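All remarks here apply to the structure that follows.
Chain naming follows the written order as A, B, C and D, and within any one chain the residues start at number 1.
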Amino acid sequence: MKDMATPKLSAKELETLLGPEFPGMFDPDGGYSIEKVWFGGSRIRKHYNPRSLRPGGTISGGTLMKLADFAPYVAILASIGWVPLAVTTNLSISFLKKPAQRDLIAEARMIKFGKRLAVAQVSIRSDGEDQLAAHATATYSIPSSEVK
Amino acid sequence: MKDMATPKLSAKELETLLGPEFPGMFDPDGGYSIEKVWFGGSRIRKHYNPRSLRPGGTISGGTLMKLADFAPYVAILASIGWVPLAVTTNLSISFLKKPAQRDLIAEARMIKFGKRLAVAQVSIRSDGEDQLAAHATATYSIPSSEVK
Amino acid sequence: MKDMATPKLSAKELETLLGPEFPGMFDPDGGYSIEKVWFGGSRIRKHYNPRSLRPGGTISGGTLMKLADFAPYVAILASIGWVPLAVTTNLSISFLKKPAQRDLIAEARMIKFGKRLAVAQVSIRSDGEDQLAAHATATYSIPSSEVK
Amino acid sequence: MKDMATPKLSAKELETLLGPEFPGMFDPDGGYSIEKVWFGGSRIRKHYNPRSLRPGGTISGGTLMKLADFAPYVAILASIGWVPLAVTTNLSISFLKKPAQRDLIAEARMIKFGKRLAVAQVSIRSDGEDQLAAHATATYSIPSSEVK
């Protein structure tokens, strides 16, 4: 149980490993920050960027969906180690409230860690708000050969 | 029934109206083209851009999700007219096959046009392929005041 | 805020109102019990019934899906009052762990209460277990004429 | 390609194999009929039963969800052979139109047949109608040991 609570990779290590794979991903200007990881979860900040706006002055659904997909990916890598080829098989997102023109905070929580499939729940809020902007459930396929 | 078959806005008109709302969206270098619209549907091309790649040399899930969200949005605008504040309430996507490093083609087909909700099915393929790269279902809320 | 915390209908009142609409639903032999309701949530017990089994000795997906649909319906009625014509527009469920041959407990938590749409998250466990058997997100359309 | 077009099990064989696993499933009074199977698909009839009604005089969501889950299960068994322990990992359904008090017809079409995962699209209509009553996407995990 102790082991389960310890992530295999820290937020810092993940940013170092992921940076070259996803150029620009951690730019302070509109990119992401991995704020925290733990066994089975992650908290990711998406820095506000006016280019993400859509008609109505709200942040685009595409921006929310990318964040909803990235947060569990980070949680999986933090929890089981470097398996960059883990792929999303399914993502279902509900858009609940138009996000303000501010940073977004996503919290991913793994609700299943199987040998082949991992499933996460993701809550997305505007920074400083209680109400959810979006809620997603995402499933990932873990390449068996990659898990050590 | 004749009326129903005629879209209210053509592909050309839509690109002209949407361009200023979504800067860069129709750039030939990595942006979209509205290839065709009809009452209840649309076909959208996403031009290949190496910046969309993720580990494994495949196009990112985020790119596919944005396309899965955009194609029905275009189909709705084409079918019922200029309601830019229509918003996605739910999107569920299955990733079926890693897309090649090529353009993507999305076909949206509306399966419900209610007064308040519209629902679409979206098929995404790599250009020239038969097999689906992804399949999505998306629901949109139509602002009642906007519909003429 | 005080008002928001008070449900409009109690568990007892709901069983009395729903019983005639759904004959057999609250049979102690395989039916449901509304264990608890609060503003924005509900806890429902599904009594074990061997007829719900499927190959592999596990409870059928259909049983879990009905429960995932019923728990938010009860939470909505408890929270906003008697709107029996509220209808599910979308339900997405992940099956996480084969449930044991025991009662199931579903907890619904509303994550959006809009004028037209309500969205809930549902967690389903075998009675006495920590791990989730299933997790669902469901969206309901609230008939505007019905809300008092 | 010829082989791929031939189902491994016929509709008749499937009813014979599934009958003992799911008692009552093929009762003419409210049960299912497997109308047709082919490689990668199935057509299932759900016989109308007044016990499936819910407030508003429409067929319950639970009935539609069970049918949406069963049709791809049949399509998988027909296509790859007797793998009764194939399990649904995810199902997402949109309810589009209240079904009439009539039989329901579900058509499942597999959109992915991977080694470990199979994904299907399901269209459900009231018998004799064009418009969809519901549309679902479902993912199944295929137990590797079972596939011959």
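Quick note on the criterion: a contact is a pair of C-beta atoms (placed from the backbone, for glycine too) under 8 Å apart; a residue touches a chain by one contact, two chains touch by 3 or more.
Nothing here was measured: the structure is a model prediction, and the numbers come from that model.
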For the chain pairs A-C and A-B, which is connected through the larger number of C-beta pairs in contact? A-B
Most distant chain from subunit A, judged by the mean position of its C-alpha atoms: D
Taking each chain's centre as the mean of its CA atoms, subunit B sits from subunit C at a distance in Å of 34
Subunit A and subunit B: spacing of chain centres that average the CA atoms, whole Å: 24
How many angstrom between the C-alpha centroids of subunit C and subunit A? 29
Contacts with 2+ other chains: residues of subunit B: 89-90, 92, 94, 139
Flag every residue of subunit B that touches subunit C in the complex, lowest number first. 89-90, 92, 116-117, 139, 141
Taking the touch rule as given, give the residues of subunit A at its contact with subunit C in the complex, in rising order. 92, 94, 96-97, 111-112, 119, 121, 132, 135, 137, 139
In their complex, what parts of subunit B are in touch with subunit A? 21-24, 51, 54-56, 60-62, 65-66, 69-70, 84-85, 87-95, 98
